[in-house]
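Two complexes follow with subunit A in common, the first pairing it with subunit B and the second with subunit C.
Coming up: the complex of A and B.
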């Protein structure tokens, strides 16, 4: 990216020299763009991902998928497949009958390990073959004969909600382990509504009645795939001792829960290990193919690997597409009064994480604005399509265009600059804009001023160009529960034990930085052991931008706790009172005597390789009692060009702002924001999964195009706002969801400035833009 | 949907004759394997099934690029990247080098060959679209010897070319552009393959003000890349007059293309784009009429 003007603070950064000298805030390691700990392994191809793991006697599974969108399974004949040399086992829904549970799901237990009574979408797993090699397993799939009785299917939300529509699920299900976010549970209702949520305060009708101006609109957000480079893969080894699994799973502890439930195993007999993950962006959150892989191993009595292709991954989970009707009212001074919205998500065949996603759409569509009244309803709707689940920022992408696109349109309608209009209506830091939730924890007004200044908001616009802005907030952090351990060895080296996963976001580096800072040591002297449920402490999830902030806090406190143990040991050695021992950056001091951390441990035990373990946890108490732990802004400003001949939109300039509190690692933080914005550009300009009838028509690596480096705006600039006002270590606040969600709205405003047309349906493909311009010209010619 | 490569064997012949013999022997169950960028994908998708691949990368000299009285002879095995970088192609047929440089992505350009591109009969071929206007001769070799085939005859239909059992494409001989010829290429792309390719070659008079003959082709929007006689006739004449007929010529091109609505776009939009890019190509081809060498393009 030679043309990229995004300046990384790491550019001039020799890590070793920087580690020694404290910066202006007094930090030696933290707040520095130290090189990633996993960088060398990853760029040399030595890093171990799940697909690289090999265990003795391992076999390979392949999945037979439904070719019908909705059908009753009459029979499955596996006899021919079992005859094929090299086939070890064939698994079907029949095998599930002797299990503790046939279904799993962290929100709603509606997801069968394998279809057993009926199939609910094209691509749903119906049977699996386990064989000595992958090719044999694949070939044996063709030997399986499935007899179906076809049922009528619902593909769109409209079809699913129509009077007398066929039901995707006829029965209700138990709730999963984490339904806590669910406002209204409708899983037992006889309809295709999977989830219904309401966010209401104030008297919306009265507010609309006294409004000076009201704006209304309908918007769509396309069906997308989060597209991590690494497809789904997992390995299971089921033995009498229990189940050991390797999987590319973001939230390995939640997966543990789901698989333990399937077999009725106690938690200590399920060991989940997550090696490096090749990206997630939402797609790797929660349980995916692990139950099926585990059941294959259980049946075959052999270790089993199940590795999906990209095409199969798309059929495993996608993101919800949405349709939104939204209305916003202002008074005669252009002050926001009220907002109303109806949000419909097409959730596909199973709930997956869509109950949470849909509940978040209802919160996040409000934005960090001051309203007297709101009335938001959101639905997750079952259809006979590929199940939808998390996507970067849970629900915020689906509502970004209606929420902020309408804000831009409203400003234009009032003849106000969209920046000034926002400044007039945004909440201040510390202001409670959302009843019963934590007051705003970011300076969004200052942030958007910085964004627009960096973009050149008021510079003259060249022809066919336009600019736009968007700002939303996510209630980040999920649940503030977590714990970490830090082990200090007699030689002064340190290991951090964390349940969080390293999925490219840089958790391994950031957690090491915190420990290196606390023990006054180098990055090279700190090791991080992660994501093995048998060995490291619990982490609720690696998502919602929580690791640096929440797990980071527990690492910091665990370091402090270890140092306190060392203080007591030093007091014993020096025969002094613990309170007379001074903790210095690299060790202890008392009356001019000094010892390094490790030295104390060695002397105390009289064993130079002994160790001390510090532990710490947080829970939803005290400073973490109020939710969310912090509000994470999503802020971007863009300058786009519209080719008037082809309708093609190019994003020339991009400014992102991360209101991060303190960037533990500025380079990886900027990387998160740029990556997030790029994901948003993908959807704004072209990404869309398309159903052609009941069949996904472009769910392949060739047909579904995501942005490449050449699509990153030539002029892109990331701003880190560091007010040290976060709940995380050193005042940090998590980022990473980033500005994905607001890109569509910002681009739409740019298109409007360039052409005079407002687009409501993402993606803004050249043909859509061209048509909109043409229709507008035709209308102008007539009127 | 499966995206899984089934079992097959690979033969590695050292002469074209041997390759041809193997292909005859395997019949329907055998296939030429060059860069594999199309073939292996189609096999993974289950669209093509072969038990035997005959790898021609072991035939020496099949990737040679050489000058041959007034033409450049390109071996079927020359990759897109080799052609993009070939100093001979860059100096003698710059438009061709420029088009090759924008085929697909680096990975496909590095292993995909010109022969594979043409023999796959891919309707979205950039080289085939341009070559229609450069009028090359294709040398096809089988067990009973070789024959020369013009490109329009070679391209039978989508994914279908005029190769008999056991026949291979050996080389493509592309005539050089004359001093008074100008060429331009336009390409519009949203996904992995182009959505529209448009090639234009104009023969200009001494002063550069009059088109004495024109060739125009479009690709990606029709069953195979196509020229349109009606459009070409409209492009002949004095520059200003031709400029006034560009919309008409674009419509003639579109009429001859059998445009369809598909996931790339509607037929209506494709018709519109043909007009946009024909104008751009015309302006580019006629922009620098004083320069001596032909074959400018983008």
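Coming up: the complex of A and C.
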């Protein structure tokens, strides 16, 4: 991927140091594609992931899963399993009775650590065996006898909402450990509605009444799996002193809170450590298998590792599938007037993060357009299917096709070019397009012009080809709360302490770049310590693209704070007034005298390896008071080819635009965008989990096909737009959710241009496309 | 094993991946799908790529096994592919990286002048969920350029 701001890698290659020449914006280290901090470990196999951690006396757990979609548990007989040599413990729902809490959940505490009264989906954990080795644990599962009383189940949203439908949950639950995180009605509703959201402004009925044209449509987004290559894995060691856990968890502090709640432990007795994460994309946000692993260790009184297979990972968390009815109205000049939509998410057996996903769908389906009125309702619906939670850009993927697919259709209906139609209706940067939220923080008009120019929007189209565009915005950054610490040592080396996690996005590198920039030092002189709740400062989460922007701001502030301490020390040493000490890029200066940062610390304490710690935090106040902290655009344009005989769709060209404010590390930013677009291509062309009756019929990597080398166009182009208009350090804004969500809509427009058919149901598999083309031909022949 | 003879008793059903990871604690070889679909566990046996998750450790008797730990010619020095992966950011989370490197090595060993299409075809059995693949293709081409 090329970009308009790319630094040549050799120029930036580790050379950022005191001597490095500032670039045109005055930056020595940030705004350069410096090599990643985690690179050497990752290309040599030295990088430690959770599964690589080995603890003395460690045992291994395996999980027995429900074979029924909905059933009352009558009894569980574990005696035979306990007899098997090598088995250390067997855990069932009965064991939970003596715990502080049997359920967890950051939004709704509806998720049992193990099923105790009933099972709610095929694949739900019912018991766990802890054994000296994994094979024994696996074999002992067959010795457990569970007696069920089967109940009727609801698999689809329609079934769940039908009159007299069986209830997935008969009772209400307490709110989760992040009150206010999402607005959840936890009352006993006696329905399968997990959550309902509304976004409304203006008089929608009046706007539709005066519309010149109205377009209506129904769309579906498939059930998907984020498929991080590293399956879920965690290790727990429960002792008298407390609980220590290693886990592939994006939000280790949230997991700490959930796990502490299960045992009633104070926060300081739960230590969560996240080694390198083998991919997350939302699938590893929030609590997954950690409570179960911890309970296994608590019962077995031994360290326990629980490693899931990919199949089990799919049964642990998928993404919500959705059905959307959407209508959009325009006036006689083709100006948007109003939009209304009903969004139904199939949330599965437990709420997980779906209430937030649902609330985000309702916001994000509006897009960065100017409407007089909107009326959006979204529902998260419980069903007897595996639980759904976050997926890259929570909520935006589920509404990308209806929101932007309909925009394309509307432009076509009006006989307008879809680019021009958008330019006419998009909000400008700084314009408050969404009442009571921060005005738009991106130049989306300029962005889509760049995208379409790079694609060759107006070039003649070869036969069977078509082009398409999509643009949405996410209210990014979650809640702006966080803190960081920066320690400066007497030898001038610097360590950043951050609660964020490194899951491939490059957080370790970006945070080091900020500190290196601030102290005028090299990347090699900065270390980043992350992801250990006992040692590093709190980070609310690593997701919503918040790390660079929000954690980055606190790291920058912590550097400034440390330098202020050093200023006071230098004043003491030189017997000068602090305000007469000048802070230079690499140290302090006064009346021609100079000292490096470390030198000051050593002299002040008369101890050359002493240290100074700078601290900073942000909260939802002042410049962070207005939400969202920034709007993150998702922008992509594609050129596709459709084989009219087979229905096969091929993406030939891909352009993505990241409106990033300032790219702290342009190369990793481009990487995020291409990776994100590739996930979108996966859903557009084929990814879909399918329920056959009550059972997932393709819940394995053999049957669930994610994009391969041959699916990504060689002609891929990434554009970074850097207007330094973000709230993050140096004007940066987070990216990373990226263009996943708009690929389906862009591809659908391409298919329309190539074939004349509009597809409303993703993925656009060859069979679906072929059928649609045939139906259209048949209709034309008749008409 | 990476040029050093190793003698170990093994279980008959033990996979090469668990032999490497559990017995030798060479954890650079990653296991993802465990069913020979994703390529994450790829190692070279007598120079040819195999999926260590399904390849029996027993089959590796008297053969040369190369894992990511043995790729660099010496401590402090990297294999050209490792350097190229760093240059081109051909990794993010890194979970697929060991397998990618070894598959790419066997490609360049057998067909050093592979065309872009041949690279894509050869590498197609290795999955990566992070990068979008293009940086990996770029890294392989970079090494080809250096060799040429």
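Just so we're on the same page, the second predicted complex is superposed on the first by the 757 of 783 C-alpha atoms of A that agree within 3 Å, B and C clash if a C-alpha of one lies under 4 Å from a C-alpha of the other, contacts with A are read in each partner's own complex, and residues count from 1 in each chain.
The rule is simple: a contact is a pair of C-beta atoms (placed from the backbone, for glycine too) under 8 Å apart; a residue touches a chain by one contact, two chains touch by 3 or more.
Everything numeric in this text was worked out from a predicted model, so none of it was measured.
A.B. asks: Could you tell me if A:278 is touching subunit B, subunit C, both of them or neither one (first, second, both, neither)?
C.D. replies: Only subunit C is touched by A:278; subunit B is not.
A.B. asks: Quick check for you: in the superposed arrangement, does A:686 touch first (subunit B), second (subunit C), both or neither?
C.D. replies: In the superposition, A:686 touches subunit B alone.
A.B. asks: Using the superposition on chain A described above, determine whether A:770 touches subunit B (first), subunit C (second), both, or neither.
C.D. replies: After superposition on chain A, A:770 lies in contact with subunit B alone.
A.B. asks: Looking at A:123 after the superposition, I want to know if it touches subunit B, subunit C, both of them or none. Which is it: first, second, both, neither?
C.D. replies: First partner only.
A.B. asks: Which of the two partners, first being subunit B and second being subunit C, lies in contact with A:105: first, second, both, or neither?
C.D. replies: neither
A.B. asks: State whether subunit B or subunit C is in contact with more residues of subunit A in the superposed arrangement.
C.D. replies: With both complexes superposed on chain A, more residues of subunit A are touched by C.
A.B. asks: So in the superposed three-chain picture, is A:629 touching just subunit B, just subunit C, both, or none of them (first/second/both/neither)?
C.D. replies: neither
A.B. asks: In the superposed arrangement, does A:231 touch subunit B (first), subunit C (second), both or neither?
C.D. replies: second
A.B. asks: Touching A:36, do we find subunit B (first), subunit C (second), both, or neither?
C.D. replies: In the superposed model, A:36 contacts subunit C only, not subunit B.
A.B. asks: According to the stated criteria, A:671 is in contact with first (subunit B), second (subunit C), both, or neither; which is it?
C.D. replies: second
A.B. asks: What part of subunit A is shared between its subunit B contacts and its subunit C contacts?
C.D. replies: 309-310, 700, 702
A.B. asks: For the complex, give me every residue of subunit A touching subunit B.
C.D. replies: My answer: residues 62, 65, 123, 134-135, 138-139, 141, 309-312, 315, 645-646, 686, 690, 697-698, 700, 702-703, 705, 765-767, 770-771.
A.B. asks: Can you name the residues of subunit B that touch subunit A in the complex?
C.D. replies: 1-4, 6-7, 41, 188, 190-192, 263, 265-266, 269, 272-273, 276
A.B. asks: Where on subunit A does subunit C make contact in their complex?
C.D. replies: Touch residues, subunit A against subunit C: 1, 9, 13, 33, 35-36, 38-49, 51-52, 54, 226-231, 276-281, 309-310, 503-506, 667-668, 671-672, 674-675, 677-679, 700-702, 706-710, 712, 714, 716.
A.B. asks: Using the touch rule from the top, collect the residues of subunit C that touch subunit A in their complex.
C.D. replies: Subunit C residues touching subunit A: 21, 25-35, 37-38, 40, 67-69, 71-72, 78, 82, 85-89, 91-98, 101, 116, 119-121, 123-137.
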